[in-house]
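The data blocks that follow each hold one structure.
Shared between the two complexes below is chain A, which pairs with chain B and chain C, respectively.
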Partner chain A sequence: MNAWQAGIGTVLLLFGTANAHAKEPKPTGSPSAAGYAPIGRDEKGLWAEAEEEERELKTSKLVVRDAGANAYVRHVLCRITGEEACAKVRIYIVRAPIFNAGMFPNGMMRVYTGLLLRVRDEAELAAVLGHEFTHFERRHALSALKKERNARSWAAWLTVASGLTNRPHNYLPEFLAAFYSYSRDQEREADLGGLKLLHDAGYQTMAASSVWLRQRDEKDAQAAALGVKSLKDSDYGPFESHPMNVERMTYLAREAQAMGTDKSFDGLTDFRQAMAPIWPMLIEDQIRLNDFGASEYLLANLARGDWTGSLLYARAELYRARAKGGDLLTAETLYRQAIARGDAPAGAWRGLGLTLTRTGNQTEARSTLTEYLKRNPDAPDRAMLSAIAEGN
Partner chain B sequence: MARALAMACALAAAPSLAQEKAAVKPGFSMPVDKPVRILVFRPSVKVGSQSAGGLVTPNADWTSNARKLLSEAVVAARPGGTSDVVFMPELEGDDALLLADYQALFGAVADTVLQHRLFKGDRLPTKKTGFEYTLGPGVSRLADKVGGDYGLFIVTNDAFGSTGRKLLQIFAAGAVGVGVSSGQHIGYAGLVDLKTGDLVWINADYQMGGDVREADGAAKRAKQLLEDFPAPAGGVAGAAR
Partner chain C sequence: MKLKLIIAAAALLASTPVFAKWSLVQDSTPVVVGGGKLKVIAARGWNRWSKQPTKQSELWSYDGPALNQIQFFDGLAEGQPMAKERNKKREPLPKFTQAMKGTDVAEAFEQTVRVTQGTPDFAIDRIEPARFAGAQGFRFLYHYTANELVRKGEARGAIVGGKLYMITYTAAALHYFDAHLAQAQAIMDSAKIG
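Up next is the complex of A and B:
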């Protein structure tokens, strides 16, 4: 038997193995139907793995426990999926200042706080939740697993077989590129599936596209503040799991218009109300990223021209943290504007007091910090602040 | 050269880490002057199947069996010669968060030990000798709730080579003369003093034996995980050997 015969023989054996796997029952029916349990070895394996992760996540300190915010996000999901389907999904709000959400094959959904900071209203939130739910409903994790497994196996066999020739070649990049192309198709499917849910639930459909439009603007603002070139239009390359933002923005707007833009519900008031209790934490985490351009862009977008006390306070914090050139005086001014509005968080007095210790008036700095401690007696940095306030 | 490189890239053929190592905090031995209770934290167990191309598919039945069998085997192995080995109970509310915190902290500390202390290659110059790792005395809050002197952590990660992987291995070795590994069996165990939080012992092996899917194999694995377990003070080596 020469080497080629050996190769062909092995490839035939490979198919034999693939056929042995075909005996596994094929998952059918909707995973979001009541009483659904995973079917077949692959789906059971994926669910079990996700359950183990969920077990850890449940007791993680990173999970935001605010009852109102959690109930609200769930309410939005149920509004687009219907009660039966959303009962199969567990949502975890995870404290991480990144623009992302994630769906696991067993119905665990993670929504990161950086996403809640970036979506401007309920319709935009619903667009993202709909996208994630579509991944679950269509078993994207399972088909991606199979696709990647096949891709890697073909690459391994062909690469090894190429060792018999005088031109050995690593086939993995080609096959992985094909897998990632498939992954991007799944994302497009989830985008459009989510858009359909958004539309059917009566939300304004342009919301799905807006998220990506602003994500691109945020990248510009980030790059501008850093004095570097924005990469928002640079090709992501073949090994990227998601389509480019520019593409998503465009097809979502096109499809939204095709579906109809007669519905106008955006749920802005409900969204702001539900997020208010956790909002200070969201913005604080964002400011700590030391990403001045993106943070300032986000704040301006949230304000939409109406700078509330909270937003002014957040912007002041941003300037105080950077503290370059006229930043401290800008911060001082913004804190004063926040306080003048009457709806400023207690932190505005803390920020103003600390800024004043550096910009000049020590007497006012002390009295402002005293005022802060009166407004927030349980401040975790009370000992330090009262030392400053008492002039020690 | 090009051939070997192409193969290595495509097959994610891990460099052979035929390494097994243990470390004990200097001067530590299991106390003999008082009864010792060891709390076993829920073992982190992953068992899956490795495809021809090396991708691991998790297997639900294998994983849950292995977790159960390994847990039983660790208790039966009487680490350190103590018979008082109990499982960390499930906790509720804030206690559950505390437990999760320390479970995660142990994972982070253990990763550091494995990467920068135990194995050659990426050792930190200041960590080549000595063994100064701790989860901090706060861990005693857990011990206070449940009662226990030492916490035993077990982590295993197994991927059994599928038929396709084994065929590829045979073909690669026979026809092409290239080595392809089949299966991966990684595990480590660590012991924490629940009063001080100090990590007193760790044992890791990147090529473990024992098929964790079966009772006999799990017993063998438990034995390997508990190899070099700290001996009782002034006594002979621990009963686990």
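Up next is the complex of A and C:
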């Protein structure tokens, strides 16, 4: 037997192994149907893993427990999927200032707070939830598991077989690239599936595309503040699980127009009302990331031209933290604007007082810090601010 | 060819801290931390890491850095960050400036931890004026959750000669923080500059 024959033998052996898996029952029916239980070893395994993760997540300190916000996100999901299907999904709002959401094969959905800070209205939120739900409904995790396992298995066997020839070659990169290409196809399918749900529920369909358009704008704003080139058009390469934002933005807009843009519900008022109780926390988590450009862009998006006391305060905090050039004077101005509006949080007096200690007006700094301590009697920084007010 | 390989291997060894190790700190006598001006008297059982987190800082631990750690900031100069920057251009960390007050230092520390530890759940629980290494400075208490583990911490520091000297003690809130708090505070009390 020469090396080439040995290679063939190995490949045949692989087919033998693949046949052993053929007895595995193929899951059928909708995983979101009432009473559905996972079918077959792979799906059962995936669900078991996800359930383990869900058990941990349930007690996490990072899960946002605000009842109103949770009920609202669930309500939006149910609106696009129908009551029966959404009953199979558990949503967890997870405190993390990143633009992301995730779906697990057992119906656990994670929605990160950074996403809630970035979507502008209910329609945009619904677009993301619809995307995630499509992953669940179409068992994307299961098919990805099989695809990746096959890719790695083929790559390993072919690599070993090639070692017996005079042209050894590592096949893993090629097979993994093919797997990631498949993963991007799943994302496209979820995007379009989500768009259909959005349309059928009467939402404004352009919302799905808008999310990606603004992601690109955010990248520009971030880069501009850092004085570096924006990465919005940098190709992600072959080992990326998601299509590029520019591609998603484009096909979602095309499809939305093709579906018809007659539906116009955006749910802006409901969205803002439901998010209001958790917004201060979401904003705080964003502006403490030392990411000036992206944070200022996001604040402007939240304001939509109407800068409330809280938003002016948050913007002032960004300038006070950066403290370069005219930043402290800008911060001072923004704090004053927030205070003048009458709806500023107590932190505005703190920020203004601390800024004034650095821009020179010690008398006003003292009275402003004193005012802050009066408005926030339990301030954790009382002793320090009193000392600073006294000029120490 | 062989020579090239040897040079490449030597360069690799020199650039990666393969010799990074933990070693017991001698207790009861003053030791210099961070390689500069800050000196403290260690308590028994603390270990120092030979790999410094930044040029101006040093890390100690008793049970392992995930459970408890003391970090020494030995004279951060204008424009220096409190942790190593993964990507200076695209993900810069807050920088120390001489004009900072204790509250600004605490805020910069908070932002640094939020970014480097990936935790949104960080809070300063108290901040007050305090003496540090013979100078007028500050003391603050904090807590945060990273990788589902809640940690508590205490920091003390002062700005002396335009540079920031600070010692932070961070440990798992469950058991470990209280277990070594007294030792950590004694180390902070023993701090001297120069």
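By definition in this document, the second predicted complex is superposed on the first by the 378 of 392 C-alpha atoms of A that agree within 3 Å, B and C clash if a C-alpha of one lies under 4 Å from a C-alpha of the other, contacts with A are read in each partner's own complex, and residues count from 1 in each chain.
Following the convention adopted for this analysis, a contact is a pair of C-beta atoms (placed from the backbone, for glycine too) under 8 Å apart; a residue touches a chain by one contact, two chains touch by 3 or more.
A quick note: this is a predicted structure, and the numbers were derived from the prediction, not measured.
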Message = Let me test your reading of the model: by the given contact rule, A:242 touches which partner, first (chain B), second (chain C), both or neither?
response = neither
Request  = Tell me which partner A:232 touches in the superposition: chain B (first), chain C (second), both or neither.
outcome  = neither
Inquiry  = Between chain B and chain C, whom does A:170 touch in the aligned arrangement: first, second, both, or neither?
reply    = first
Query = What is the contact status of A:42 with respect to chain B (first) and chain C (second): first, second, both, or neither?
reply = first
Ask   = Where does A:56 make contact in the superposed view: on chain B (first), on chain C (second), on both, or on neither?
value = both
Request  = Could you say whether A:148 touches chain B, chain C, both of them, or neither, answering first, second, both or neither?
outcome  = first
Inquiry  = One more residue to check, A:156. First (chain B), second (chain C), both or neither?
reply    = first
Key: Residues of chain A touched, compared between chain B and chain C (which is higher)   = B
Request  = Classify the contacts of A:272 with the two partner chains as first (chain B alone), second (chain C alone), both, or neither.
outcome  = neither
Query = Which chain A residues lie in the overlap of the chain B contact set and the chain C contact set?
reply = 56, 60-61
Query = Inside the complex, what are the residues of chain B that reach chain A?
reply = 2-3, 5-7, 9-11, 46, 48, 51-55, 57-61, 63-64, 96-97, 99-101, 103-104, 162-164, 167-168, 171-172, 174-178, 180
Key: Touch list for chain A against partner chain C, complex   = 56, 60-62, 95-97, 113, 226, 228, 285, 288-290, 321, 323, 354, 357-358, 380-381, 383-385, 387-388, 392
Remark   = The chain C residues in contact with chain A across the complex are 89-90, 92-94, 97, 99, 101-104, 107-108, 110-112, 114-115, 118, 120-122, 124-129, 136, 138, 140, 145, 148, 150
Ask   = Residues of chain A touching chain B in their complex?
value = 3, 6-7, 10, 13-14, 17-18, 20, 38, 41-42, 44-49, 52, 56, 58-61, 145, 148-149, 151-157, 159-164, 168-172
